[in-house]
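Some structures are shown below for you to check.
After this come two complexes, each holding chain A, first together with chain B and then together with chain C.
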Partner chain A sequence: MDALIVIFITGLVGLFVGMMKKPVLTLSITITGLVTAFILTLYARSYESIFSKYNGLSTSPLTDAFSLLVIGLTILIVLGGFNYFKKDKEHTSDYYGLMLFSLCGALIMIAFNNFFMFFLGLEIMSIPIYVLVGIKKSNVLSSEASIKYFFTGSFATGVLLFGIALVYGATGTFDLLTINSMRGIAEPSPMFHIGVLFILAAFLFKVGSVPFHFWSPDVYQGSPDAIMSYMSTVVKVSALCAFVTLFSNVFMDSKHVYLIILEVFIAISFIFGYVSALKQSNLKRMLAYSGISNTGLAMLTILNGDFGSLWFFLLSYTAATICIMTLSQAMDKIDSEDISNWKGIGYKNPIIGVVIIISFLSLSGIPPLTGFFGKFLILSNSFQNHLWLVIIGLISSVIGAFLYLRFIVLSMAKDSNAEKICLSPLHFVIIGLSTIVLLFGWSILLF
Partner chain B sequence: MALLVLPIVLALLSFLIPQKLVRYFGLAGALSSLVVALGHLSYFNPERYVSIFDPNKLFPLGLSFKMGYDGLSLTMVLLVNAIVTIILLANFAKELAENKTFTALVFLMQFGLLGVFLAQDGLLFYGFWEITLIPIFFILYWFGQQNNNSVLLKFFIYTLLGSLGMLLSFIVLGTNVQSFAYNDLAVAGSFMASKMACWVACGFLLAFAIKIPLFPFHTWQPNTYTTAPMAGTMLLSALMLKMALFGMIKWMIPITYNGFSEIKWLIITLGSIGIVYGAIIAIKQKDIKTLFAYASISHVGLIAAGIVLFTQTSLESAVIQIINHSIVAVGLFFAADIIESRTGTRNIYELGGIAKLAPRFAFWFALMTFVSVSVPFTAGFIGEFLLIKELFMAHWVTGLFASTTLVFGAVYMLRAYQVSMFGTPKMTSFEDLKWNEILVFASLTVAAILIGISPACIMNFVKPSIEHINELMVGSLNFIK
Partner chain C sequence: MNPAVNNIGSSLDFFVVVAIALFSIGTYGVLTRKNMIVLLMCIELMLNSVNLLLVTFSKYYGANDPQIFVFFIVVVAAAEATVGLSILIMAYRSNKSIDIELFNKLKD
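Here is the complex of A and B:
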């Protein structure tokens, strides 16, 4: 709660300071605010907050862990995007302000307590992103992405609201705890089930899973690198967290209705994402499609309410995504979106090569990298009830490994014409941090 | 612990060594790791299990991090360290030996292999198993033939698919007892219904059959061997496929014994088919490297079929045959590489008369050929003889199939030797062996002959650990009764 307020105020202050058109100042204010929020969340359990009695949000060590993840990711993205943002002096503070407001929404999505806050969080998170996606006004792809995301997103919001209204009609309350306490007492009305299905549809859209995934490749491709990494990490983390909160707990009563739907969509996501990614020649589209499969894997945790594995898997997935996207931003001389331009980059620049190897191997789930343990946790926790999904997941991860390995092979080719890239200190720090997470993140599990 | 940590330290160090010294560093490093392993051997009692790392508690996920060795594991560890030394020695005069990345990757590979043989924890075993894939992939990719991407991707994806089957089996076993420690997994396996245990065994089999490779899963192997650099082929054939054979002895069969008997004859059949199939295809090969690759399929088919019988004798002779196969693989692929690098071709019909130009090479190559066709007083003779005997005792048909390996082996090996070494010389000059090459051949031959003369020393060495595995299994059968 304190972190939320700090971030909001930082965003406001940043916007005003932005009038001075000093990018470095805006950056330092933003980072200060974010780091303060990070520390506040880290020690949230050890001091008495003045806002602790707020009814809309309920925090627990679990929500703190997710909040830490999204704030940490935002810090990395803010730092990594700086070289790009500062070129556009007029709008540097807009980027940062919007990103911070969106982060507020994400934090609410993680800790919400009733449907009202949930809807508020979702909208606060989404609306700044509609703007951020279209911020390159003169770029056709960017405008297309923004419009596309806005229209489909608003439609999803409408569906979500309709679903919430139906659930409200069936239970007479917005409060999750009250709905929880009604569970199992009486058979809920069909209205409840229909409402849950509507909410499910909206969620599938937000996390970008089959069958509502069509926006994600286009939107990812159109948006700037930093915004794309924000969408594929922070937004995904918070949406998945809310997804699990609602469906593994509150909506248990209609599990028999949505279970089979969810299982089928997860299974299709597994295969569809990687298979479509095989044909992509654009890095962002490839990541978007493979992200569909990774989302499918994360959605397995919904079936047994497994927050711990979800967190750990998302940690590995987001760290790898940040690594790759930061590398892509570091390659400013060549068009990093075209995959064929990565040929030989890793061989020519050994450090970048090692980072590429580590992040893609982690994504494909090769031990002892963190990505393996993320996948392992999810699969081993759900194999008892959903053996077939686990087997499909394993098979799909072979396709994924092929996809990622092909990229490694391409970037590691002996090619003397490849560009020599010097990493700026900022990028170096970000890549270093996320590589450490990928290499040694699994040691968290030992404590 | 130094045993395991040393290679990874060496791998990191090799980036810091000046370019000129890398080849000496590589050889010295490999030798030092061999010395460490011999040190472990010097105060080892075959009756005992030696723990080298045991935090004595169960971490979340069921990880126990136990590592240690018994006679069987120590044999494999010694094999790894000795073969890595020999590989670096064989590579010594090549340009490749000066490459820092290459040396580092070989040591990383050694680290992974040692981990596989030392792990006493299922998840650890799986982890090391996968770690070995990465260095070998890059050795093949950077230092192998150019434009071999599709072959490499096939190799990687194929083996990864197999190991995911193993992962699933470990998950099924481990979540039952909330622990991945070897003994706990054995208990979990013994409580498992036979149908479930059969599926678990199939998961393991997928991983091991692809790595060995057994007959229908072998399609990745000849191409990969052929396009790989010499060191890569040696690592793959001499060490990497031994992980799978070791995995069958130590992990798959004892743990899943309840259900294993249902697929026992499947594996024996596949192994027997592999013996004949590999040999027949080898007879028709022109490319000497492909020939040896198919010969390797034939040899390991016999070992796999022998292991599956799971009698005391068959396991002991399988271990001898494992060592013998490593010796033969390194020796033959080394000879193939010498021929290729000096004449520029691997086609045996373009060769001929090398014996006149390079008598020393002809002599040592002939010795390796004899070791490979397992003439008496070489390691192969004892190993194959005992394995065939055991297969005959299981069923005379399999014994018959298995014994064809002796005939076919002589046919393809002697033909390859004859066509390439004798006749009129088809090239003007052939540089004879250098000192390091003679050293490689000599050490391999001496090892093969020593084991051939006194196989009992190895058999006695591994006997207690095999008895222990058998006890574990009998114990698990008693559980059910």
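Here is the complex of A and C:
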């Protein structure tokens, strides 16, 4: 957990350095801190951490893998958003500071060991994002998105806390290991089941799944590109990780209560997301709706506690999202939010065309790209116990493939009026990195 | 359930019922009211009902950790209110109103 401390201190230092109004300096401090945290997490098994005695957070190779994913994603987002952030010289460090504090919460959400840390992690992650969504102060849409996210988010917090209080009332402990050890010994009281259902509702909200998905398209559309990619990657990864931790293990006792609810919502998420995405003309709304379907797929891993394939699927999904959102940020001359403006972009700029094709094919799950293996692992592991969900998942994948292929066809159309786009070196590096992940990410499976 | 110290007796039910009532009032308010300041108050009410519930269980089990949890909730609620009020002021500046139904520009 040294990475957590490093990121927190970097955020603080960055805020103070921000007073000098030098965006490049702030960026280099932020990146240095994040890379240090990345390396510390990478070698976390090979040295004695100063916080090894603390029992609120527990690390394992699994949590390290998820931490590496979120820290890596934040590095890419911080770099990719720089061209946008530096326009507002006064507040560049605010963006980075808030993003780093939110990342601290995300790291806590991945490694928590009791409900104290879980609740704190969730709030530390969410509160900076309420601010970040509304950071374009003069923009009406941005403040509306912020209002919507804030009220629905804090309502979900209330519901979650009520659930935690009821679970405490039934078990007498906040510690996940103790609740785990009580499993199967005595029949849990109805209070426990009700508490679990409350927590389930709050989680469905946080990951943006049906039936509490309504906020995500609006909030994504209203927020700046970089913040939108932060929400759809880092927040989703950590919330899903906490979701699987709690529900595939700790709350097994009430599985008969929540299993059918979860299955039905996963099935509806599959279909609903892609079908609603079909009629969108805004890129961010389209990504938000298709994100609902992808979240449903990731939630399949809750049913069998399959962290490995969850990690791999999220790797492919987030890499593709980063790729698309970075391209969208690179197109600063035209309004990249409107899908019709992407017509002919890939034809006019061959490199961008290849990147668009790779990322959307990976999202739709075409072999041999990484996205295929992510989907394949999750679906094949659920094949035995949840056959009907797998079939619905495959049907929804076909709809999704149609959606993504339509976008590829649009962007590759012959259109001589299309904008010529020159990628800045920063964007080029990010797009290159995520394309490499999309092309060769499957090689991780060989180890 | 085997309470270590149970000097709260049969009135436990009473506290739990009050907490649930407060929570329901808060939820109802969030779902029906239109003024954003009232919405904030209703969310605070929900959080405070949780506080009451936790303190009740703390007394019931004779344990201290729920009380510490209550402190965390109070701190987080304060942080949330701060952020919420500043977002509210920003929204008021752009819309000249704090009626939540007027924020309907983002839609399909």
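What we mean here is this: the second predicted complex is superposed on the first by the 447 of 447 C-alpha atoms of A that agree within 3 Å, B and C clash if a C-alpha of one lies under 4 Å from a C-alpha of the other, contacts with A are read in each partner's own complex, and residues count from 1 in each chain.
By definition in this document, a residue touches a chain if its C-beta (ideal position, glycine included) is under 8 Å from a C-beta of that chain, and two chains touch if they have at least 3 such contacts.
Predicted, not measured: the structure shown is a model, and the values here were computed from it.
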Applying the touch criterion given at the start, work out whether A:368 contacts chain B, chain C, both or neither, answering first, second, both or neither. first
Going by the contact rule set out at the top, does A:384 touch chain B (first), chain C (second), both, or neither? first
Should A:134 be classified as contacting the first partner (chain B), the second (chain C), both, or neither? second
Which chain makes contact with more of the residues of chain A, chain B or else chain C? C
Where does A:296 make contact in the superposed view: on chain B (first), on chain C (second), on both, or on neither? neither
For A:441, decide between first (touching chain B), second (touching chain C), both and neither. neither
For A:14, is the partner it touches chain B (first), chain C (second), both, or none of the two (neither)? neither
Which chain A residues qualify as touching chain C in the complex? 115-116, 119-120, 123, 127, 130-131, 134, 137-141, 143-148, 150-151, 154-155, 157-159, 161-162, 164-166, 168-170, 172, 174, 189, 217-218, 221-222, 276, 279-280, 285
Given the complex with chain A, which residues does chain B contribute to the contact? 59-61, 63, 123, 126-127, 130-131, 133-134, 138, 141-142, 149, 152-153, 156-157, 160-161, 164, 167-168, 171-172, 174-175
Contact residues on chain C for chain A in the complex? 1, 16, 19, 23, 26-27, 30, 36, 39, 43, 46-47, 49-50, 53-54, 57, 60-61, 63, 65-66, 68-69, 72-73, 76, 79-80, 83-84, 86-88, 90-91, 93-95, 100, 103, 105-108
Taking the touch rule as given, give the residues of chain A at its contact with chain B in the complex, in rising order. 357, 361, 366-368, 372-373, 376-377, 379-380, 383-384, 390-391, 394-395, 397-398, 401-402, 405-406, 409, 412, 414, 445-446
